[in-house]
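Next up: the structures, one after another.
After this come two complexes, each holding chain A, first together with chain B and then together with chain C.
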Partner chain A sequence: MSLLAVSNLTKNYRRTGKPVAAVDDVSFTIEPGETLALAGPSGSGKSTIARLVLRLIEPDAGRIEFEGSDFLVLRGAALRARRARLQMVFQDPLAAFNPRATVARVLDDPLRIHGIASRAERPRRIAALLERVGLAADLAPRAIHEISGGQRQRVAIARAIATKPSLIVLDEAVSALDVSVRGQILDLLLDLQRQDKIAYLFISHDLGVVRAVAHRVILLNAGRIAESGDARAVIDAPRSAIGRALVAAAPKLNRAKT
Partner chain B sequence: MSPLRRFLRTPEAVAGAILLGALAAMALSASLLFPGDPQAIAGPALLPPFQDWSLPLGTDRLGRDVLAELFHGARTSLAVGLAAAAAALAIGAVVGTLAGFADGLVDEVLMRVTDAFQTVPSFLLALAFVSVVGPSLGIVVIAIALGTWTGPARVARAEVLSIRERDYVANARAIGMHPLEIAFREVLPNALPPVLAMSSVIVAAAILTEAALSFLGLGDPNRVTWGGMIAEGRTVLRTAPFLSIVPGIALVLTVLGVYLAGEGIVETTAVKRGLS
Partner chain C sequence: MTGLASIRDLTVTYRRDGREVTALRNINLDVVAGERLAIIGESGSGKSTLALAVAGLLPASVRAQGHIDWFLPSNFGAKAPPSVLPDISPARGEIAPSSPRSPITRGAKGEPSEKLLISPLAGEMSGRTEGGAKDRQHFHFCPLGGRDIGFVFQDLSSSLDPVMTIGKQIAEVARTHLGLDWPQSFATAKTLLERVRLPDPDAAMRAFPHQLSGGQKQRVAIAAAIAAGPKLLIADEATSALDTIVQAEIVTLIRRLVVEDGMTLLFISHDIALAAELADRIAVFRHGALIELGTTRQVIDAPSQAYTRTLIDAHIGLDADLLLNRSGLPA
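Up next, the complex of A and B:
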């Protein structure tokens, strides 16, 4: 049984009168412990799919099954409780946190909300989470805006794994980082996946990164699936026009192959 | 340059701060310098100012010490002004946050209520409320707040509408935070700066409204108020104009001080935010 099964997902936005199909009849599955990449040009609907899967916005049509049950019927407290299993890491780790937050508070929230640890136990759990993502425990009292971008994204990952999710949606989670930091964060994600069998819905416009981390890839164009399959097979020999265009536009990828 | 230093380099802001400081000093020292009932008779009636140095500003129609009344009146003005403004800002921030954060029916209903309050002139609302419930300090505070919370509510709502689209709000939802916690812990504190920027105008308006209510005899009868002093003095305006002029000047300087200092704070912190 698939961990996540999305079928015929559709989302329209109304932009100055005429509707735009941001996501148009998209279906896919993710297996436990698997990394599925969503790639495609800007505006192709990647973030919209991420937000739909996370129930941050509601689809116009389609089904989402998560861990074997209908995810779209959940409301209120039942939905909030279920969110523990399905987490997200955003592109810009500064925008993703309350500007007034400290590292400790950001990590305390999921532990408190889902009753994972008692108030007395939480500081220890926070220290363990920080250690898990390769950060020093004494970072806890620091303000989010004081730490570096790479540290911030590690904190975001620590927050995402705090509730022991089975799926994490990463929307351009490494795109804003320096190349050297990006490699470290990708290694961390792969380590966590190996240890905890976490599945990733990995959104990126960078096919080089996708090829390195994803098992399978879906190429999107204007809200529709243009091509999908084994990540290396698709990227090494794209069959769709948009696939060829994306590969041609990724210079590092070409150099690596020749 | 630090905001404090920038504040100190703005002459209007410094003037405002000095006026406010003087007002606060008067309010705080009132019961030290003028212990006892300021409404008690202290000397002959209608003594002009600067005649008797134990009663520097003279006495009113009933022989009460005008300076003592002025100091005790500063207390009432400041207390009512600050309390009413705090209440108005708190009500406005909460209503605006709920309206902006909850869409659909809740927003609609709250904004209709806000419209309704806004269409009634705030002074008439305060007047009607005090006339019905009866004058006391607490009621005057509530009456003024009732007429002034709508402005902060609109500003808070507009700010919340923009903040609720930010990633960190989506992030809070994604970890399963309750909507009320998101509204009041994640969104409201970040929506406050533009709401607080309105405080000087609101405090100034509240002080004026309190004075106007007292002038009409709707202030707390057990307290000296500048509005009440002006009203008292009016009956002997021709023979003893100072009785109305002295509290009138105090009122003007206070409102001016609050406004200048408030604007100074907003300006200096806004520049800081613009630069960072």
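Up next, the complex of A and C:
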């Protein structure tokens, strides 16, 4: 059984009165411990799919099954409880955090809200989470705006894994990072995936990164799936027009062979 | 090789949270006329500060020391300071004392603040003296932003006026700097929209920025930046907010326009691969210092600095080794 099964997902937006299909009859599955990448140009529907899967917005049609049950019928407490298993990391952690919060507060919230650890136990759990994402425990009292972008994204990942999710939606989660930091964050994500069998819905416009970290890829264009398959096979030999355009447009560092 | 600008001992400091932060330290860099020079670096490297300093767009609150000497034809209004100028002066034009007068006042013929799309702050740096300090600033800004220097920013939404039509935004640059009347300026604007390959230029003239896509907005911003025929085009992360396909289109557009208009290009980017595709030379910045400068081939194939090699190795191209351990996955 798939961890996540999305079928015939459709979402229309209205733009100056005309309906625009942001996501048009999209179906896919994600297996436990798997990374599925969504790639495509701006407006292709990648982030809309992410928001639908997270139920930050509601679809016009389609089904989402998560961990074997209908995810779209959940309401209230049942939805909140299930959300612990489905986490998210966005491109800009500064926008995703309360700007006045400390690192400890950011990590305390999910532990408290989801009843994962008692008040007395939480400081120890926070220290353990920081250690898991490669941060020193003494970072806990620091304000979110004081730490570096790479550290902030590690905190966002720590927050995401605090509730022991089976799936994390990574929406351009490494796109804003410096390249030297990006590699470390990707390594961290892959380590966590191996240790905890976390699946990722990995949204990126960067085909090089997708090819390096994803098992499978879906190339989207104008809300529809243009092509999908093994990430390396698709990107090494794209068959769709948008796939070929994306590959052609990727900046290439033509290095002399050394 | 003719120089366009010569940056000497440029140091830029500003205060943040009561602390003095050095954004650029002792930068020496010659910009060659007609070249495509990429400035690359990570966040905090000082690359954007350099772009702003060259364009004279540093906010008044920062402290800039050093020289930027310009070698521009006299009709570009360059008033180069009489210091450290080498013999290649024919293109330099007449010399005027560095005056506290704002270049905006000189160039805009009235209503300067309304007319200058690009650079409301351009004048602030001119011969500014640090009050009380005995080290006078020798930071002269000579060319006129918007006319001699075109600047394309990363942030598409803030570089265009949301309540002015596209046509007027471009036309006012032409009107301000080229001395055209409004009908001529609008005609120029429409030609520019055709040159930047905006679909349906007639409709775009009357459109507002929010009606355009990100890539279209950046094409408009480029049209405005080149409207007055600048010698230098500065693109500061101009494609970073765009998706890969649009990025490639904009890079192609910039490359073509630079050739057609004989412009010099300063291309600021965090992306070494993108820089390598576009630039003749690459300057690598780190922590406010220029650590490596060379032709694109030298820098990419035989970097002299370990940091440059780190940047190159961190690039994840379509031929990169897979980070994923595939054996861990059930079939």
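In this text, the second predicted complex is superposed on the first by the 252 of 258 C-alpha atoms of A that agree within 3 Å, B and C clash if a C-alpha of one lies under 4 Å from a C-alpha of the other, contacts with A are read in each partner's own complex, and residues count from 1 in each chain.
Assume a contact is a pair of C-beta atoms (placed from the backbone, for glycine too) under 8 Å apart; a residue touches a chain by one contact, two chains touch by 3 or more.
From a predicted model like this one, the values you see are computed outputs, not experimental measurements.
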| item | value |
| --- | --- |
| Per-residue contact with chain A, leading partner among chain C and chain B | C |
| First (chain B), second (chain C), both or neither touched by A:212 | second |
| Chain B versus chain C as contact partner of A:33, first or second or both or neither | second |
| Which superposed partner A:51 touches (first chain B, second chain C, both, neither) | first |
| Chain B versus chain C as contact partner of A:14, first or second or both or neither | neither |
| First, second, both or neither for A:90, with chain B first and chain C second | first |
| Which of chain B and chain C A:119 touches, first, second, both or neither | neither |
| Contacts of A:178 with chain B and chain C, given as first, second, both or neither | second |
| First (chain B), second (chain C), both or neither touched by A:159 | first |
| Residue numbers on chain A that touch chain B, as the complex places them | 51, 54, 56, 79-84, 86-88, 90, 92, 95-101, 109-110, 113-114, 159, 163 |
| Contact set on chain B toward chain A in their complex | 166-168, 170-178, 186, 189-190 |
| Sites on chain A touched by chain C in the complex | 31-35, 41-43, 149, 178-180, 182-183, 186-187, 190, 193-194, 205-209, 211-215, 232, 235-236, 245-256, 258 |
| Residue numbers on chain C that touch chain A, as the complex places them | 42-43, 213-214, 242-249, 270-274, 276-277, 297, 300-301, 310-312, 314-318, 320-326, 328-330 |
